[in-house]
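Both complexes shown next keep subunit A, but they swap its partner, so subunit B is in the first and subunit C is in the second.
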Partner chain A sequence: MTDLADLTVTGAAAGLRAGEFSSVDLLEAVHRRAAMTEANLHAYLSIDRDGAARAAVGADSAFKSNTDLGLLQGIPVALKDNMVTRGLETTCSSKILAGYLPPYDGTAVSRLREGGAVIFGKTNLDEFAMGSSTENSAYGPSRNPWDPERVPGGSSGGSAAAVAAGSALVGFGSDTGGSIRQPAALCGIVGMKPTYGLVSRYGLIAFASSLDQIGPLTRTVEDSVAALEVVGGYDPADSTSYPGDVPDYRAGLESGVAGLRVGVVSELNGEGIDPEVQAGVDQCIAGLEQAGASIVELSLPSIEYALSAYYLIAPAECSANLARFDGVRYGLRRRGETVEEMMSTTRADGFGPEVIRRILLGTYALSAGYYDAFYGQAQRVRTLIIQDFQAAYEQADVLVSPTSPTTAFQLGDRTQDPLSMYLSDVCTIPSNMSGDPAISVPIGLDGAGLPIGFQVMAPALGEPLMFRVAAEVERQAGFEARATHATSEVVT
Partner chain B sequence: MAYYYHCRLMPVDIDIGKVARLARLALSEDELNRYRQQCEVVLEHAARVQALPTDGVTGTSHPLPRTNAFRDDIVTECLDREEVLAQAPERDGDYFLVPRILDEQ
Partner chain C sequence: MTYEPVIGIETHVELTTESKMFCGCAVGFGAPPNTNVCPVCLGLPGALPVVNGRAVEFAMAIGLALNCSIAHQSVFSRKNYFYPDMPKNYQISQYDEPLCIGGYLDVQTGSETRRIGITRVHMEEDTGKSIHVGEGGRISAASHSLIDFNRAGVPLMEVVSEPDIRSAEEARAFVAELRGAVLRLGVSDAKLEEGSMRFDANVSLRPKGTEPFGTKVEVKNMNSLRSLQRALEHEIDRQAALLEAGDSVLQETRHWDEAAGTTLGMRSKEEAFDYRYFPEPDLVPVEVDDAWRDRVGEAIPELPAQARARYLEMGLDPTAAGLISRDVAFGAVFEDAVAAGGVSQTVANWLTGEVTALLRRSETPLASSPIDGAALAELSGMVDAGRLSASAAKDVLAGVVAGEGNPAEVARARDLVQVSDIAALEPIIDEVLAGNEEAVGKLRRGDDKVIGFLIGQVMRASGGKADPAVVRGIIKDRVS
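After this line comes the complex of A and B, so read on.
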């Protein structure tokens, strides 16, 4: 019999409804798996033993009384530790928030609770979601279940590692420049960033507000749909929430790609991409063509500048957002004779090096005399990127590329060179700049046995089309492999 | 993408001490030097955005066009005062306590 911890959300939801096992059984299987894998992977910062047990019992009694709250009812869920959870420690992997017990639940979290989900624990991330490897955590790095000497990607690396290893059936993360899709690619699972505004950011500790978006990490495309159905939709508590009706994500899941136009973006394929990754992606594109899609080569010239613009816009917004961590209302406080001294020593001690670097970059880019040349120009470049996407979507229904230029890299490989780390996100950043949805689907392994991710991008609110193509990619790739090294000897 | 490593358009000279003061970060001289060098490398590459002609282009601050979001002026649930204040590093009754801001006259 399959270990319950290896089920998909869709499979577990069916089993729960058929009475084959209970939510308590499912939770126990996930606890057993976490006990085997955590010493190696460090996917979690905290596990909510009591809260999860209560939620599982609650879900089971709801099933008994024929109350169906949706597909996540009774399912163990991992939450990135930048999603605030009432009374449950939320640190953003930062010393500055050690011990912080939020006085409220974020909207995505409330919707999960209302949908009967079992919140299992809070997962590790790069501090304040700034990074691409989960090495920038004040509480130590997470590791990749496919090879614990390699990074799981980031910043949602803990959620990605947990879902890949079976210590959660579904995870949630946030994606500001690729922080859901890149770790999903590196861990061999599905990760999706919804259209900006589709999932409320209320209760997501802000990094770069115009780019941040919550989304699911799952084992299948169908699970991704199920997770988005629970957390998405208008929320008056987020003034940037999309006020219209959400699209029917399931509409095209079984429709295939015949007659669709698939655009291959020349700037995101080929040069700079690892040849094995590109070969896997090319094979997938050929498969889509065989399934009846027409392949269109196209160019988005301004996205060559997306990474540069991103590294002005994201730090600028971060420097403003992180001003709230000042030692007054929550978190760490260091002593100081004056308020300014208290704040300055608190912040210098509480933030790690990558966060300090980005605050400095952003403060500089916003400061008098440099504002227009840096931040102002980056915003204009962002307009050009959006226009390029709009033009591309005249010629193609979806766009495709690798998710990450490489497969998982070794721990420590890129920590000394911030710029080389930033390049990890070159294929994912453009969709954050445009606010459009994008998904990463695992398509196979490279020669070293590490997963390769394939990215499908769609225009704003084009999730049904994106899921439709992603489902076809998934069917063709037939990627069934599971991470097997998660429980090997502890590496040091 | 090797391109990113070799393209240096505008040398950047950061007054890192001033930037750190603006950002309320008490850093040592060594730290300031290290961060200055790292930020300059990143900014030199970020400065590539200046190579794109953008005359007449309006900047985008947000991906979706939205104006202010209003709601009816009705009383709704708010955070529990005690739960909020319980997170304060220092408090005095119902107040957050901070070092003196204004000098006594």
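After this line comes the complex of A and C, so read on.
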């Protein structure tokens, strides 16, 4: 019999409703799995034993009284530790927030609780979501369940590793430049970034406000839909929230791709992509063509500058977003002779080197005399990228590419060279710049046995189309492999 | 050389909306510290701002009252600097795309009216308040500081004037006029002492008759109209003395010291902050369509300048028109009194003279005193009809303010109704004439000046109730 920890959300939801097992059973299975994997993976920063137990009991009693709160009722969920949880330590993997207990739940978290989800724990991330490997955590790196010598990707590496390893059935992360999709690709699971504004950012500790978006990490495309259905939709507490009705994500899941135009973005395929990854992606594209899609080669010339523009806009926003961590009201406080000294010592000691690097970059990009050349120019590039995407979507219904140029890399490989780390996100950043949805679907393993991710991008609010193509990719790839190394001997 | 001052004023006004600029917390003065707070106005991690539409309407009303055009789209920006009572270490403000642009305010000094340009009106949020615990409440001597975030996030509006003001007196009149408009709109209590209205002035001098601006100095910390005028007079003199001596003015911020009566340098602009403004990504632009703007515009009441013009047409002198138009309650009582038949200038004189003095003594605002339009009309009617002398009328007014009843009732109760009945007056007059033979003699010889003395004696003998005009007539009859 399948270990309950290996179930999909959809499968577990059916089992719970059929009375085959309880939410408490499911929670126990996940605890058992976490006990086996955590020493290796360090996916979690904290596990909320008591809260999860209460939620599971509550979900079971709701089932007993025939109350159906939705597909995540009774399902163990992992939350990236930049999602604010009332009374549950929320650190952003930073020393500066060690011990911080938020007095409120973010909107996505509230919707999960209202939907009966069992919040199992808070997962590791690159500090303040700045990174692509989860190595920039003040509490130590997470590791890849497929090979603990390798990174799980990042910044939502903890949630990705947990879902891949079975220490959660579904995880949530945030994606600012690929932080959901890239770790999903590296861990062999599905990760999606919704249209900007579809999921409320209220209660997501901001990295770069105009780019951040909460999204799910799941084992299947259908689970991704189920998770998005719970957290998505208008929230008056977030002024950038999309005010209209959410689209019907499920509508096309079974429809196949016949008649659809699939655009292959020349700038995101081929050059700079690991040949094994590209071969897997090409095979997938051929499969879509066989299934009746027409393949369109097209170019988005301005996305060559997306990475550079991103590394001005995101740091600029973060330099202001992270200014509030000053030791005055919460988190770490170092003593100083003056207020200024207290603030600067607190910040110097509380933030890690990558966070400091980006704050400095952003402060510089916004400085008098440099604003127009850096931040202003980056915003103009962003407009061009949006226009390029709009033009591309006149020729194609969806766009495809690899999610990450490589499969999971070794721990420590890129930590000394920030630029090589930044290049991990070259395929994912354009969708953050345009605000459009994108999803990574696992399509197979490379020669080293590491998962390859395939990215499907769609225009704003084009989630139904995106899920429809992703579901076809998933069916064709038939990716069933499970990460198994996680439970073997402890890596030291 | 004669120098001409060039002055521009930036005024901050706290808006009296029910809730804060970007969250639902209550706005109010005097609540226990840190009780009107939430994750948003405390700048807790993950919290996001949402624009208070009412605050936009208030700011729009001020913009329209100042003859500004309202931007169809305006943008909030982040103004970045570290300060412990500013929760996010950036202030959400408006920068290059403010809500209201390009208006003016007509300002009266003496009999002259000048048009002062308004560059812009924009919205922003207030900071918290630091309380330094220790000697003198100063940060340097404090053992520690406490922060009250009740004020953090309170809606603020900033009105920036063009450098059109040419004297300290005009600066004072500008702020007074602006304050009157804000009060009339009901968008702020505009209390200078409590800081719900605050202003900074940019001052420079140039040789009279020349165009280019001199080096400007920003003067801060003036918390009354009087201190604004004093500070600017001092600063103008200081700069004139520097220029006269061949020195140059340093571009800097200077702090007005009310007790010492001087301005002191705070920091020079060379080390000024770089605020690194950029558009606030947590908010979308504020969209104002014509219909919304027009709805706000139609709800704007008559403003002081308009009321003043109308009062001048009604025949009031400029001083009275200015005083009455600046205060909502005075304007209402004045208009009621005139509508009830009071003579406008007489009523105005009562209001700006005796009524103001009495209310100041009893520390009662006009609105909560028993003085109303009907009472004033009645009082001025009694004086005009000769039933009250001017001095008795003051007593009657005091009685009305003390709540003794309407003017007729007070006059009767205090036995102040003027006696103009000849039969009643003749015996008193005869007695006075008999007792002042010397004066009567002078009068007979044509020395008309002594008649005043005789009338005064009659007034005293009658307890102030005699109608002096009638008395004068009888004396003249008797003596001729």
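Definition applied: the second predicted complex is superposed on the first by the 492 of 492 C-alpha atoms of A that agree within 3 Å, B and C clash if a C-alpha of one lies under 4 Å from a C-alpha of the other, contacts with A are read in each partner's own complex, and residues count from 1 in each chain.
One rule holds in what follows: a contact is a pair of C-beta atoms (placed from the backbone, for glycine too) under 8 Å apart; a residue touches a chain by one contact, two chains touch by 3 or more.
As the structure is a prediction and not an experimental result, all values here were calculated from the model.
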Query raised in the report: Should A:210 be classified as contacting the first partner (subunit B), the second (subunit C), both, or neither?
Result: both
Report task. For A:106, select first, second, both or neither according to whether it touches subunit B, subunit C, the two together, or no partner. Result -> second
Query raised in the report: With both structures placed on chain A, which of the two partners, subunit B or subunit C, ends up touching more residues of subunit A?
Result: B
Report task. For A:343, select first, second, both or neither according to whether it touches subunit B, subunit C, the two together, or no partner. Result -> both
Report task. For A:360, decide between first (touching subunit B), second (touching subunit C), both and neither. Result -> first
Query raised in the report: Which partner does A:382 reach: the first (subunit B), the second (subunit C), both, or neither?
Result: first
Requested in this report: Return first, second, both or neither, reflecting whether A:454 touches subunit B, subunit C, both chains, or no partner chain.
Outcome: neither
Requested in this report: Could you say whether A:393 touches subunit B, subunit C, both of them, or neither, answering first, second, both or neither?
Outcome: neither
Requested in this report: For A:329, select first, second, both or neither according to whether it touches subunit B, subunit C, the two together, or no partner.
Outcome: both
Query raised in the report: Touching subunit B and also subunit C: which subunit A residues?
Result: 100, 103-104, 210, 236, 239-240, 319, 323, 326, 328-330, 339-340, 343, 363, 367
Query raised in the report: Which positions of subunit C touch subunit A when the two form their complex?
Result: 39, 42-51, 78, 80, 82, 84, 87-90, 145, 147, 274, 276-278, 281-284
Query raised in the report: Which bits of subunit A are touching subunit B when the two form their complex?
Result: 100-101, 103-104, 196-197, 210, 236, 239-243, 271-272, 302, 304-305, 307-309, 311-312, 319, 323, 326-333, 336-345, 347-348, 351, 356-357, 359-361, 363-365, 367, 373-374, 376-384, 386, 405, 418-419, 422-423, 426, 433-436, 460
Requested in this report: Mind listing the subunit B positions that touch subunit A in their complex?
Outcome: 1-5, 14, 16, 18-27, 35, 38-39, 41-43, 45-52, 54, 57-64, 66, 68-69, 71, 79-80, 83-84, 86-90, 96, 98-101
Requested in this report: Sort out for me which residues of subunit A touch subunit C in the complex.
Outcome: 83-84, 90, 92, 97, 100, 102-104, 106, 201-206, 208-210, 236-240, 316-317, 319-320, 323-326, 328-330, 339-340, 343, 363, 366-368, 371, 375
